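Next come two complexes built around chain A: one with chain B, the other with chain C.
Take a look at the complex of A and B:
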């Protein structure tokens, strides 16, 4: 068996999963009467054009597609309006369908007051992967948005601390959960090992931490004593 | 809502506020002014290989003396990209990934995943299957809380509860093994049913556990609940208000310790939880001690749920009787042509799903465990499989909780959050 033949078995893994051609998946679900969910009806009444679609998925779950440019405004209203009170953000994630389709950012809300759930989705075109951060509404969104940034490459505007979270902070291979990302990574195992072995200790700290405090051995001695220096010389 | 609250009468020092302020009375008792030393803040690295971080968690702390000024958690050391792997696997193959996410309560994850797939495909599982899954989940809630109990006790210096807790965990390990053949990587569920029905005599083993477990729990309770050292280490430490707890995404016992009675089993019931009689323990102060009390009471409630489930365990098939979903028996498969075809199609292709997306949450041992699945029409693999990890969101609050506390309190707060790194890093 030649090397090429062995390789061909992994083609599917290298290419990544893809949808069938006919799939219209990005608007999954059944069309239903908006009045069946009070929040959907209220959203349509208040925001009108910013509410793009409404579907019911898996029998009972209401999904609303909203205009990405108004996500902060709509979510703030859903959280604060006395008739809605979606005070809990259960989940924030993204979906990539591949084949150049827009990436969806998904907000899963729950109201502990009215015991209602609602799912919002924003479609972001691949050439404009930017959306306002909602950390000012829910601090729970902080790490969840970082995760979406890390794995999908969606930038959240005005996020207080937008850096990678699951992957290393200087990861260079791209965004792992995108459909065009190969399962085994873009770099060969040898390249990954080489990079890992070449890392200096400073590499494990982000720039902020390097400024934060000092290494105990490096601290300037108090009252001019030179104990620290003497100790270092002994070593 | 008062019926959901469990009352404990334990002395509480009024100086220890619930607003997250520090209880600094033990440090400087005699009004001695703190000497002004020309000191600098120090950067301390804890982990990733440190027993008190309960996994490969790395915390970089800025310290002023012993006071924590800032914590920056670093995660991702266990990242295995389960969500990406899932996109290459059929619905039933993913089950084996789910128990590796939270290896402290594998059956809860097995059940949460198949429940979401079944909701997406609109499959109604059999009555027996529902009860068996409730048994599995409540058993693993105890299983997970026991590990938390033992390791937290060790973190504050008590070794005995750890030994007691692990002795009881061993019994659940054995129940796992008898049912699924594995101690940790159970993979017990399948879409539309279970891997197998309960083996003969298994319920007797569980009954034995139920009957004797509470004795051990009472002993641990005696050792910790009114223990001055434990109280001193946990009361007033890492407190968070109810409003902040909801806003920062706390769920599970951590949220309930702050006084919010949100429990997925009550608020979005699944598997007929609304027909069981159980209470949700709710705390008042939101500190480490209330989180401890909530989890202790949850174990008692789980035992009560296990009793009720065993009482009502109905006979009948455990898998749905639909040849397009459940595998035929091996005997049929070898003797009947049609069964063999179904078997072949199910193994090689998998179960086709309808188009749609589905988010289902269950009350995991650590909080709201959500699964979000997107499928295309006729797809036998998910387009996107997302796990909403409770520990991940709970851990993100740690920097806020630990601020201005002592370094030793940071260890206690981290322990009281009950995190599991397999789930945080996924």
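Take a look at the complex of A and C:
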């Protein structure tokens, strides 16, 4: 490695990530025959127009871009169809490619029945960051969707409890995992420290969560009865 | 004329086998500072505030191989109200800053603080949007233990430095040593100018010596501004 290469490497660190203007960056992967993955072929056969692209990433990972307005319908079919049975959501996250390109919401599914993995992506334009929540399909998606909401600013419609999960409840600097978010935040350190010390910690939690933190041997439950506890569990 | 002559009974113990043998004085003279400092420094109860890998080393320090109890830290006090020294071991995000501050405020005087490890002392490698750049911007710190994480010997050395600090204290200079202005409770410990210095390249790690040695005056500008 020459000295010039090292220097340009340091320059790149100072400049931050380079934003490629290529519009196909989010379609990374190789074009492959949809028939090589049974679920992809079945998706194309059943949903047709709602299946936008198909690529293979890292050799074996099949990635399918779907229409964001149909995500609930497609995911429900993938979970319930006897030939698919994607009963586990390994991960739900999002990717921002910067330069005004759409934010991708990524669903990583796994079928414990057929031992198959499938990745679905929904491209959301920056002026329409809304998508249906899939908590009703996999309750494991609850906190994952809250995390995406917190760090990327994607709103999940009909989510039962859409609150910030990692950042303070009154965080006002934006969405930290977006590409345009400065590494050290938007406010000065002094302002960040002042805001941090003035936050009301209890406001980050709802009543049920505060109840979980109570010492079961000392305090009495809020409504004081065993029936109340059972009712909370049911709810 | 010795002390023995002016005290009733000649100052000698009527009990045989006194402190220093038969007929010796049954009392010792000392300075109250010495007695108080001796008892304080040999019964320090740590409040463990472990948030990351430093806490693993802190647990190792308390376990049998290193045995912190040899030095008077007999009991890790998990209630701040029965603790003397706060050991902040690990990184502290801004979301946790009010928690740390409240625990510090709940500890009764006299109290001391050990900042254990690079992250607690300066933010470490986490010079990012979510991380407190050194807990000395939140609470006063007596001893910084360097390391990532420090070995148990490091933490024990830091706690023994606290003991050395206590040895030099005096009741007459109580306010100089540790009185905290109630008006500053739940406010940043460092002033605006100091915290502003943390925004520079490499953050607190390059600013700390300057902050601790230079007197920073009242040139505190408004901190409402945003970083451009």
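Side notes on the structure shown:
In this section, the second predicted complex is superposed on the first by the 178 of 235 C-alpha atoms of A that agree within 3 Å, B and C clash if a C-alpha of one lies under 4 Å from a C-alpha of the other, contacts with A are read in each partner's own complex, and residues count from 1 in each chain.
FYI, contacts are C-beta pairs under 8 Å (C-beta built on N, C-alpha and C of every residue); 3 or more make two chains touch, one makes a residue touch a chain.
None of these values were measured; they are calculated from a predicted model.
Contact with chain C, but none with chain B, is seen for A:196 once the two complexes are overlaid on the shared chain. Once the two complexes are laid over each other on the shared chain, residue contacts for A:168 go to chain B and to chain C alike. When the shared chain is aligned, chain B and chain C each come close enough to touch A:176.
Legend: residue contacts after superposition of the two complexes on their common chain; A:36 is shown touching neither chain B nor chain C. Between chain B and chain C, the partner in contact with more residues of chain A is B. Look at A:69: by the touch rule set out above, it reaches neither chain B nor chain C. In the superposition on chain A, chain A positions 166-168, 176, 181, 183 are in contact with chain B in one complex as well as with chain C in the other.
By the touch rule above, chain A contacts chain C in their complex via residues 166-168, 173, 176, 181-199, 201, 204.
Those residues of chain B that touch chain A in the complex are listed here as 37-44, 60, 62-63, 70, 72, 75-76, 79, 81, 83-85, 87-88, 119-120, 122, 246-249, 260, 262, 267-268, 355-359, 361, 368, 370, 372, 374-379, 381, 383-384, 386, 388, 392-393, 395-397, 400, 425-426. Those residues of chain A that touch chain B in the shared complex are 13, 17, 19-20, 23, 25, 28-29, 57-59, 61, 63, 87-91, 93, 95-97, 106, 108, 112, 115, 117, 119, 138-144, 147, 151, 165-168, 176-177, 181, 183, 205-206, 208-209, 212-216, 219-220, 222. For chain C in complex with chain A, the touching residues are 94-95, 97-99, 101-102, 127-130, 132-133, 137-138, 186-188, 190, 192, 195-196, 198-199, 223-227.
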